[in-house]
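Sharing a structure with you now.
Naming follows writing order (A, B, C and D), and every chain is counted from residue 1.
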Amino acid sequence: MTLASSTHGSVDGDDVHIAYIGGGSRQWAPALFQDLALSGIDGEVRLYDTTSESAERNVRFGNWVDDQENATADWSYGATETVEAALDGADFVVLSTQYDPAETFVHDLDIPQEYGIHGAVAATTGPGGLFRAMRTIPVYREFAAAIREHCPDAWVFNYTNPVHFITRALYDEYPDINAIGLCHEVLGTRERLARYATDHLGMDASREDISVNVKGINHFTWVDEARCRGVDLWPLIDDLAGREEARRTFTTEDLVDESVFTDNWQVTWELYRRFGVLPATGDRHLVEYANWFIQGGEATLNRWGVKRTGSDYRAKHWTPAESDQTTDVEAWMSGEREFTLEPSNETFMDVLGALLGEETYVTNVNLPNEGQIEDLPSDAVVETNAVIRRNEVRPIAAGGFPRPVRSLIRGHIDTQETVVEASRTGDLDAAFEGFLIDPQVRSLPPDDSRELFADLVGAQERYLEDWDLDGSTVLAESAAYPTE
Amino acid sequence: MTLASSTHGSVDGDDVHIAYIGGGSRQWAPALFQDLALSGIDGEVRLYDTTSESAERNVRFGNWVDDQENATADWSYGATETVEAALDGADFVVLSTQYDPAETFVHDLDIPQEYGIHGAVAATTGPGGLFRAMRTIPVYREFAAAIREHCPDAWVFNYTNPVHFITRALYDEYPDINAIGLCHEVLGTRERLARYATDHLGMDASREDISVNVKGINHFTWVDEARCRGVDLWPLIDDLAGREEARRTFTTEDLVDESVFTDNWQVTWELYRRFGVLPATGDRHLVEYANWFIQGGEATLNRWGVKRTGSDYRAKHWTPAESDQTTDVEAWMSGEREFTLEPSNETFMDVLGALLGEETYVTNVNLPNEGQIEDLPSDAVVETNAVIRRNEVRPIAAGGFPRPVRSLIRGHIDTQETVVEASRTGDLDAAFEGFLIDPQVRSLPPDDSRELFADLVGAQERYLEDWDLDGSTVLAESAAYPTE
Amino acid sequence: MTLASSTHGSVDGDDVHIAYIGGGSRQWAPALFQDLALSGIDGEVRLYDTTSESAERNVRFGNWVDDQENATADWSYGATETVEAALDGADFVVLSTQYDPAETFVHDLDIPQEYGIHGAVAATTGPGGLFRAMRTIPVYREFAAAIREHCPDAWVFNYTNPVHFITRALYDEYPDINAIGLCHEVLGTRERLARYATDHLGMDASREDISVNVKGINHFTWVDEARCRGVDLWPLIDDLAGREEARRTFTTEDLVDESVFTDNWQVTWELYRRFGVLPATGDRHLVEYANWFIQGGEATLNRWGVKRTGSDYRAKHWTPAESDQTTDVEAWMSGEREFTLEPSNETFMDVLGALLGEETYVTNVNLPNEGQIEDLPSDAVVETNAVIRRNEVRPIAAGGFPRPVRSLIRGHIDTQETVVEASRTGDLDAAFEGFLIDPQVRSLPPDDSRELFADLVGAQERYLEDWDLDGSTVLAESAAYPTE
Amino acid sequence: MTLASSTHGSVDGDDVHIAYIGGGSRQWAPALFQDLALSGIDGEVRLYDTTSESAERNVRFGNWVDDQENATADWSYGATETVEAALDGADFVVLSTQYDPAETFVHDLDIPQEYGIHGAVAATTGPGGLFRAMRTIPVYREFAAAIREHCPDAWVFNYTNPVHFITRALYDEYPDINAIGLCHEVLGTRERLARYATDHLGMDASREDISVNVKGINHFTWVDEARCRGVDLWPLIDDLAGREEARRTFTTEDLVDESVFTDNWQVTWELYRRFGVLPATGDRHLVEYANWFIQGGEATLNRWGVKRTGSDYRAKHWTPAESDQTTDVEAWMSGEREFTLEPSNETFMDVLGALLGEETYVTNVNLPNEGQIEDLPSDAVVETNAVIRRNEVRPIAAGGFPRPVRSLIRGHIDTQETVVEASRTGDLDAAFEGFLIDPQVRSLPPDDSRELFADLVGAQERYLEDWDLDGSTVLAESAAYPTE
């Protein structure tokens, strides 16, 4: 976790080079550019995206923002035609790309549903999540190889889901990479705890006041210590878990007008009551790992206050941040919509600042396990807090788990490790072994699990070309494959 | 694993004391008595059973067998009124008791079925198996305590299911106990491999010719090396796995006249094809651990050639060996049925003989893990081969597993450890945590898993009196409990 | 590592209670009082010491400092007659006591020397260090028990040597204690690295500019990453290690006028050249762990630039900080010597401030291993960086070691664990097993090691009354014991 | 540990091919040939040795023995000119070669002595033993590569010291090799225990009656269970350890007429008294690992009843079995000395027979750790019992150690692993790191350890040509190297 070159160490905030792979993102990129404009750091952002129009639109917006009156920093934006051109000499790399959701996510959600698996979001585990991993890992292996070549010491921020699989693959390909996987979920939990402290302890708290000891894997993290400005929140959490509002049940009707992003926390509370530690991710992700809550289909999901993210929604509204807020930069630039340059709620600038020597920053990140979680395998990518200082990121030792929770997490790690290892040679049958031990798949009969796998391969074949489809026994056994 | 007293060490086969707890068994005890009568060892067997008539009938039979003309050994049999009287000064202890199946197994099978869990046999894992463990562990803790008191150095043979839970509990209660858990399943696998060697390699082989490297937990063991008189069987196994007869499908119709004990090995072959290691237990047990094969209910089970053991069958035909062969000792003694004194196919005498200094014997046993399986938790009871010599049993190091298989086993071990730990204080909510992470239960929605648990408690309350039902949060939350 | 009571969490710096056990210290206490006076925190310090005059002198000084014109905070000082009175309700506890050095250290140094072991300082390992641990652990077990009783949530700062043994014993006695072991050595290494960065890279650096990844056990810590304001220092370190000034040899003559505290760093450089990681403690401590440098006696020590701390020096000049600077508070109070109220270079206030909610602070601390160092035993007390925030201390995951270095450290941890475990029951023979595997003792023949042990027991008997001397086989075998 | 080819599995004792590398051995080969002649197995032995006369003499002897009247088997003997010719198609391989002792062992003993290290035998650890490992490993890597090529499934018996280093290197080079390291020391311990049982318990016992639970590394093995025909010997061992004859001291005078092979067991008893487990190797080897007993030089050694094996002795009397009995085959063949064909006391035939399907055999062997010893690193070569059956060798799980003993063993394993890893690339400086952490070397000052290392390199340069001497920093720093 070292940036070895002393040259790099001298980056002092006047001339920072950022490569943004997937730079055509519609929401997160514009937010980042505003944050940069309001910072005390100057530099250059090079954007690369497979759809170059998007990247170019964002380039125009970036430069436009830089010209805003109250911008305090000086940044220039440009689009590159190759990944390599974006990466060359970069100090920081942002990774955030996805395939066309209409051709991928839609299948991730719809095909498993045909087999009775009603994942809430199907984004990072379960059959859909695993195929997303299988599609994405080969691309990110190429990114890792290009980073080794073009900017070996750069700090790499991976925002791409499934974050744990992808970050693991980056390290598998280039073990000395300085990559961290970043995700909003734990931040959301801290915000929620701040509201509790405000509402129940009268503390007028915000996210920054909340510190947690967090550990797990991405989207399946747990908290076993929480404080608000030093005050132990556990008695409050314990009290809340027993209240009526933590035991609400919902009907499908109740949720009809709700956003899929609304979180009713009922899954969280139930898991806390059962296991004594508090999940630190939104219920919609949680249910896919703690898969009891999707057994019985949407009825169960809804009863626990979770609304399924439909594939039609996915096809239309996808943004890398997986949020429902969209951003229309054209409308801003044309003056059609009023624009106010203001900071986002993102932590990217805090991390960037800390790496450049500003204030030491503690936040949750995804990194290979080197002891930060006891009794989980080394090298698997896990999520804990880390301390971020100038040119340095170090995970914080978070201890272990109660045995049953560790058991759940370990199972998911076994899938992670099996799929990433299979991806080294594109061994599809080996990936299927990881697929089989996923708890969602364990609820299917053997024939169904094989056909589901083959269906997913069939629907997404063009995104799986690095996998050995021809040599696969599983596909050969399948009635459903090839699909035509 | 030491018999410390030199007195004991001097047992030389002339005056062996065996305590048989559960001595009224209808099939296994009569077989044992015949084996003893045909051995070169003399001694005394003391039988204790809760239903004393059964024990007394077996006592009569034992003494009757001893008088048979071709009996080569001299044994006397007596029934005791207390466990302690049977154990006092014993050299060997056989543990093999169960509660009345009509009041227990029937529920283990029927109640989960109401929730959609169609376990094939429900005997050693899944909701039914876990309740069997929960009922049985407290009783066996008492046995372990009595053994410590009355025959601390005795060799204890546990035949009671779930063997891994019960053997684990014996060690948890009395860590210096010389106990081994014994089971027939791996022996059956060796018999099957002998048939293959005979049929396909023309080797005229029997079980004794087959050696395997076996490892796992009871009823979920795997083989990764197999030889017939030194000849590697792996090429044959690999060949067979690809043949048509290893890919048969069955209809419910096909099985209508089959015994529930018929094994068609289709589950075994499918798992071999997927994971590259060969299961070493009957399909009917296997499907409960590799639970894909019971998802979809009896239709799935039948498709894979497994017939469900109905609860009515259980109620009527239960014997400790879980076999359908019954033995009518009264008919033999009255002359109504012809009797031929002949040895059984059991390995008990081989183990007993080896412990008394006869030939070194290698067979599969269940023992606390002290390294015999790599990368599984210490102290959990696992099954591997052991070498048995005079007064000594030592597990054989069997190596590790492919990751996906290890993942499946580890999950079951987590349940084992969680339930046994919970049993120390009778913490029912802690046991429920172990119940929740069982893969069969993971296919249920949260409300169902809780109600299923409460239903099972309700139906078997009188057998769960060592558990803290009153203090249980899970029961308090349940709509179904108390049942009336 | 939680302060559970929300009451405690509300400590906001206006009313902080500090218990100072060993409060009569001559140097460190006066420095602390000045730091407190110059802080923004108010409160009360209660001092307890076995020699009450010393504590009372420090009380007078504390109150006198509080009255100084430029004092910014408000503190009151009082001495207590019992440990319990000092601890009662404390928010923070400072532990820093020792037995009379004339009766203890003198023997720690002199007696091993008679056997050819010329430890440089004999303070924290080797025969003398182990006896210091054996004398001190029982007293600190009592402190831990009193803390559990009187201030269970207090933050406990242990400055007492051997820091790793003592901190381990505190946790062994009261596992929920919030204790950290603190030591100056790593800070000194950072100061040294700052000088290098200043001298060779022209960076004008001070300790605060240097960040290191540090790991090991107290007085045997190692650095494998170092940066000065983000700039990687490894190329510089590697360069310096090859220079002539890193290969100096010394004669006894050369050192005659040197202070024992002068550090020539030659041991450090030699170890770096051999193993590729940089020791992070002074050479005089290092040589006792990397004991090659004391083999051959003082001649070897001196050749490497280390001067032995003579026992006469110890007897006269001992202060808890083991420094040669002494402080004459009487002279200050009487006006005999001019007094300027000024901050020390200690980090105590930074840690205290961070725990009270001021700036997040990262520094090296000694804590039970929960993964912060890979592949070392859990629970052993190790030293790494930790992040300190309001009411929270968390070790930072520091990774592992090259195998040979890990081997050296693990050996010392085995001694730590063996001696602390032996101290539970006062089993002297078990402690002797830990003594035997110490590498200094491994250079003695068996008879010598036993006689040395017995001699040390004989000389310090009155400080070892919690150990079972009467039942010891080792003492019984000894020709030298009892000594009269 | 599989012989994969079914062809091989069919070896049935009628046509066994044995390759004997080092086939000119003067004692062990003749003994083997007699054992073969008296067996029920027929076949061919191909001998390869660097000194072809020796091999040819043994060939003549082998064929001569085969013609003896009472020979029951039919064997033919031939010498080959290359290793490959001997190995080609072999079923079994015996490895037992050494360099000319006059040019190697002599230095192993004499040069360390100049530095104050008076190893008793210097054969398998300490400076001399490590150089023996460094000389021998590259040669055995070549053997392993040739075995992979010419007889990949053969069973390989390594008798070459240091057995643990060499066996480890064989597996490091060819991980699928079927190699076991064999050694007589534990057998000797069982013989000794048989004598105790005979003398003190009147049991008329021989080695075969004794079973032990043995574990450790070669020449540093320990027993924690021992039985004679099932009778626990621990009470006897404990009694004997306290007796006067277990507390004898010797003068140099006392030993003057003793053979260096006489074992007085005083080291063994002292270690038992200290640590509670019983060493299972001769004192002369033991003292090199438990190096307290060589500190203080020959005087200490002698005081404990051990006589140093002088280098002059080594130069003259070396045989692979390191025994003082020599065998004059020429005298036998010429009739000058009377010859009686009789079986040796070796276990080779028992192992061979078991592998060919005769009786299951349990004996101590050296194998990579796969769990047979808990809490020691995987893959390091350790010694425990194994069960040997037709075409199969499996280590027996032996449990763990008391912490202090484990600490001693682990240190030696760290050296083993460091040196073997260094040998992959011939990194001499890395090997020096392993050398430094050897406990004998830890008693030297740093300059001495470096000069000793350089001296040993200088004296044995021609045997170290696979090591990178030119690139070595250690040699470059040495005043002593190059020597001329």
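To be clear about the criterion, a residue touches a chain if its C-beta (ideal position, glycine included) is under 8 Å from a C-beta of that chain, and two chains touch if they have at least 3 such contacts.
Please read these numbers as outputs of a predicted model, since none were measured by experiment.
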For chain C and chain D, chains touching each: none
Chain whose mean Cα position lies farthest from chain C: B
Where chain A and chain D are represented by their mean Cα positions, the distance between them in whole Å: 56
Mean-CA-position distance for chain C and chain A (Å): 43
Topology of the chain contact graph, where touching chains are joined (line, ring, star, complete, other): ring
All touching chain pairs, where touch follows the definition stated at the start: A-B, A-C, B-D, C-D
Chain C contact footprint on chain D (complex, rising order): 270, 273-275, 291-293, 295-296, 300, 303-304, 402-404, 406-408, 410-411, 414-415, 417-418, 421, 432-434, 436-437, 439, 441-449, 473
List of chain D residues in touch with chain B within their complex: 1-6, 8-11, 211, 213, 225, 227, 229-232, 234-235, 355-357, 359-360, 362, 370-374, 378, 385, 387, 389-392, 394-400
